[in-house]
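Each of the next two complexes has subunit A plus one more chain, namely subunit B in the first and subunit C in the second.
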Partner chain A sequence: MTASAPSPVLEPAETVSDLSARRGHSPANRLQHLLHRRPALSPLAVLLIAVVIFSLVNARFYSAVNLSLVAQQSAVVGSLAVGQTLIVLTAGIDLSIGAIMVLASFLAANLVFTDNVSVPLALLAATVVAVAAQAVNGLLVTRVKLPPFIVTLGTFNVFTALTLIYAKGQTITLNTGSGLLWTGQSFLIGNFRVTYGVVLMVVLYLVVAYALRCTAWGRHLYATGDDPEAARLAGIDTKRVLLSAYLVAGLVIAVSAWILCGRVGGADPNSGLNANLESITAVVIGGTSLFGGRGSLVGSLLGALIVQVFDNGLALAGVDPNYQVLAVGVLVILAVSVDQWIRKVKA
Partner chain B sequence: MTANPSNPATPVLQAKGLVKTYGRVIGLAGVDLELHAGEVLAVIGDNGAGKSTLMACLSGAQIPDEGTILVDGAPVKLRSTTDARRVGIETVYQNLAVAPALDIASNLFLAREQRKKGPLGSVLRMLDTKAMKQQAAEQLAELGISTLQDVEQAVETLSGGQRQAVAVARAAAFGSKVLILDEPTAALGVRESGQVLRVIRELRDKGLGIILVSHNMPQVFEIADRIHIQRLGRGAGVITPSAYSMNDAVAIMTGARRLDEVAQAEAAAEADTVEAAEAAEPQSTGAP
Partner chain C sequence: MKFHQAPRTLLALAAVSAVAFGATACGSAAGSSGSSSSSSEVGVALILKTLSNPYFVTMEQDAKAAAAKDGVSLTVAAGTSDGDTQTQISAIDDAISRGDKGILITTNGNAVNAALNQAKQAGLYVIALDTAPTPASIADITYATDNTAAGKLDGEAAAATLGGKKAVIAMLDLYNTQVVSVDIDRDHGFLQGMGINPGSTTENSQEAKSGSYTGGAGGSYQIACQQPTQGAIDGGRTAMEDCLSANPSINVVYAINEPAAEGAYAALQAAGKTSSVKVYAIDGSCTGMQDVASGEFAADAVQYPGKMASLGVDSIAKLAKGGSKPSVSSGLDFYDTGTALVTASPVSGVSTETVAQGKAGCWGSTN
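Right, the complex of A and B next:
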């Protein structure tokens, strides 16, 4: 403001558009408001920039074969991130999500391999186990009122141990024809090789994104994560909404477990060790706020892709793999910082 | 919706002997309250007098330990705000029950979203976002809240006054019989306060019973038909703004005088004035 300009006195009746006009003076404020409305824009920008840079460094990165590979590698963490997003939107966090996935995948594979159970029945059993496991998390959070971090830290250990006890140290390799490995089979779109696991992941995103955007349940989930007391006073049964987030995440985990079977060609109790943290990484890089109530599902998909693109792109650029870990770490910190900045938005 | 109780003398909302304790702290120690359709009942009291607890019990946010609540003469159990809403009690909370990250339209319809007609709504549970936005805009226009133009704006980007407007609009949009307003103008400027008071009068004239909790004495005396005074968890009396002064109200509220003392004094003063008036000028009426 220059000294000659009239001093900005805020009248109560001043319109919102007047405020926007004044706000428009600062590009930073404009960006802040844009990101506030569309939190997935920043991961989208990061992804596009990363793809362009890695393509310039090594032309092979941009090949159909390589991009197909990136998509396939993202499928497990990408689908798991759907469930993680639901929990994070309620201002929770799920450290056990990967452990439950491994347990469910091992159960399904073992039922098919050892007990000759039909594939649909094995998948049903895996689904029941995944939902039941998340019901334990959800009930501990909503009824016993324990913090989600502690609950899932505990159940993470419990489910990991249960898997190892159940597996007795063995891994299962299924015949390539098994229906459980259908998610690893692929078809061609042009030069792109797409696995059914990737298709399943995309379907998962579409269905859950619809539920979040277009149904009352989605709004109640956002409202509950945003301000639980306000949501309760508005008439939302917040406990039920919270529990439902965990149960739906259980369903999502069952799909992830199937995709995992396809990726590893069976089941390996040590396969998804990092999946817990990787799913949180994807959600956070995707712009969903750890404080709840803010974020979008598509951001989590972008987050999962970003991690894989960095992994793949840096490897093709001949960079020490340790730098990939470092880069993801920096991205996580940046994403949370951007979230904090966006949350301070004011009219 | 107009409130048409079968018997006009039946209060639209009545509380009898409400008790609410928090451990050893007594919030309410047996409070009676009567609200009739088409009136504004102000509730005043010092901090800790039990105003907020009383409102919480009437709006279903808290469950009283003892006592009964009657709506149109029929006893009701209010276990949640949803229960209260079902019997026609709407509340605007002091801490604003709005979800900051959601937009204005979503907040107006929070917990009573409308679904699309046909299979999209019944099977796929799709919300009728367009209709809700349109109704939200109409509702805001009807309340004369011109500062809110974009119903897709997130509530957290609004000023305090604008948020209050959303909260009042939300309650009024669905208010059926009783509207409870907890300090509705505390955060507002003069102009926006005036808007809210106008809305309150309009809603009263439509036949709603309105309970207004406020610290703002001039405002209370301007708008209330009757004033319920809370003191130390009990009802210290109900007065009318025409018969009592603000000083009387404050005296009763702070315990400096009891209602019967004030009433006696008022009666005595009135008698004096009448006598004096009769003696001196027969045509004047001497109410202060």
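Right, the complex of A and C next:
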């Protein structure tokens, strides 16, 4: 061996595992590096283990009917988590995302039901409201420079109140043929019953994942979240990138609102009240770092599925419903702990 | 932050705060309205949780009608949202200043207790509507639905309709994150109506998971699942879906309220099981009456929020004119404003009302 320190970078024709072996990494270190490169691996592992365990406890869990239901149950929070991921990637957090979704869904349903507006126009109106609401959040964060947590804590109250005032407590039931309920209609793939809402959620993930990975905008978003000062010095307009994250999240919220309409059969101002925290839970369990700049979008989908799998699996196991709440809490703490461990990866 | 930027940011923050204060001030001002009471008129304050829930809007309307009839000067106030105790406390203080004779209140939380005690010390009579405060002695009396009786009517109808068949029951409760009396009372009432021992007086889900029920013709039962719904449509739907996955042969569903029942029905529809499962709900709104007529609900136990408010106004008016204080219903620690079971067709052994009768007394509007 020469007296100089081993090269810290890959030599030609060397694999990452060779590098790890050369540098004397323990298996734990190698796992740490692996998760650092591929953040979606840990939630994927948890999901697979959970599915196996719950299937063993109650074979009904593994039936096509039940798994289809779990997918349908995750569609609203799963799609909302796309918007939340974008904001968390910028080292922010959005506590109002669910409240805006409920407002948008109620607006669309009410326009169709009471004012006889056509479905596409109603959806457009809902989109405009969702994007405008997120613009308020984004401007308060970028121009007035308030912390996202505080901004969205305040706007969460504002949008919740607006929904209650507009809705006057009424629920709206739409005719089953309404275009607003299209997301609730389903078709069969083999034995699996898939709703168009689930399809829409998957399309949303594909589109936004592509944007995050293969466009300059996506690169800028990661950079801004990881280190805003460095990004600014590299010539990225961080204020514009931050604002764009909120606006795109507004578009995502409009899609989630449509999926919620399909799930609820119209609009219910009391449905989706927990969606704010549920979307954050999905993002955190999915491995996206709350400190920004790191995480994969597919992780949030896995996070949403994991929460629903636990809820459904525990229900089928006949366990006291309080344990569902306990399980989600434990999952969140585990996910954040793993995230902290991964952050400590040393070269 | 650079020094010269600080004043601009402060200015913006001040502007935002001013708007926020202005908005809340406008909100609470809009929340309380009413005439000033002349010294000869009896003044009553009606303080509601919110005005955005048709349940409370019905209370307001019926209270106003009763006030007009009794020659009472009614002042209505409401929180800006469920849980807004600050507006309610201001309204209580206003009632004391005005010299009102009584307060009717649906409390948003325990923070109003101190103000209510002050009102009682100032000589006002305090009636709690719909839910007793914690502790119940904060109010002089509570006018509410007997939730246990409401659940019992549903349970009796369920047992009678089964006609001796095995009951595979899904219990769709309200919360798994907090314990509230309405959740326990309705759940236990339903079980008692079916002739099943709830197994506890303070908790849900303590009943034996299988055994025999004694209601109706009697028979064997199985509790297929017990899930929370948050009292909303999506929660009801998810809970029913999970229950059907756990046990596809469910034939009886108890739901805490109408939105949860509607969600459960949507899940049954998607699974093609609407003809083999009966859904039992509680609330009595006018939309609920339509759901009973259409067969979505097998039965709906109704509440009379309007009656709670109008009886409250009558009681204060009577008390102010030298009459006696209202007393609790026998065997209960509150005044029972009554409940009834509305079904599409009569059920043997259970006293029921027709849909037409239900519609005459329902609350909220149809949509």
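The criterion applied here is as follows: the second predicted complex is superposed on the first by the 324 of 347 C-alpha atoms of A that agree within 3 Å, B and C clash if a C-alpha of one lies under 4 Å from a C-alpha of the other, contacts with A are read in each partner's own complex, and residues count from 1 in each chain.
Operating definition for what follows: a residue touches a chain if its C-beta (ideal position, glycine included) is under 8 Å from a C-beta of that chain, and two chains touch if they have at least 3 such contacts.
Just so it is clear, the model here is predicted, and its values are computed rather than measured.
By the document's definition of touching, of the two partners only subunit B reaches A:Thr215; subunit C does not. Once chain A of one complex is fitted onto chain A of the other, the partner contacts of A:Asn322 are limited to subunit C, with no touch recorded for subunit B. Once chain A of one complex is fitted onto chain A of the other, the partner contacts of A:Glu229 are limited to subunit B, with no touch recorded for subunit C. Contact with subunit B, but none with subunit C, is seen for A:Gly293 once the two complexes are overlaid on the shared chain. Of the two partner chains placed by the overlay, only subunit B lies in contact with A:Val345; subunit C stays clear of it.
Once the two complexes are overlaid on the shared chain, A:Phe113 sits against subunit C while remaining clear of subunit B. In the superposition on chain A, contact is made by A:Val264 with subunit C only, not with subunit B. Put simply, more of the residues of subunit A are touched by C, taking subunit B and subunit C as the two choices.
By the touch criterion defined above, A:Leu302 reaches neither subunit B nor subunit C.
Against subunit A, the residues of subunit C that register as touching in their complex are 1, 9, 12-13, 16, 20, 27, 50, 52-55, 57, 80-81, 173, 176-177, 205, 209, 225-228, 230-235, 237-239, 241-243, 245-246, 259, 262-263, 266, 270, 287, 364-365, 367.
Only residues 11-17, 33, 36-37, 210, 214-217, 219-220, 222-223, 226-227, 229-237, 293-294, 345-347 of subunit A touch subunit B when the two sit together in their complex. Contacts from subunit A toward subunit C in the complex involve residues 58, 60-61, 63, 65-66, 69, 72-73, 76, 113, 140, 143-146, 154, 157, 160-161, 164-165, 167-173, 186, 260, 263-265, 268, 270-274, 311-312, 315-316, 318, 320-322, 324-325. Residues 61, 80-82, 85, 91, 93, 95-102, 106-107, 110-113, 115, 124-127, 129, 146-150, 153-154, 156-159, 161-162, 188-192 of subunit B are the ones that touch subunit A when the two sit in their complex.
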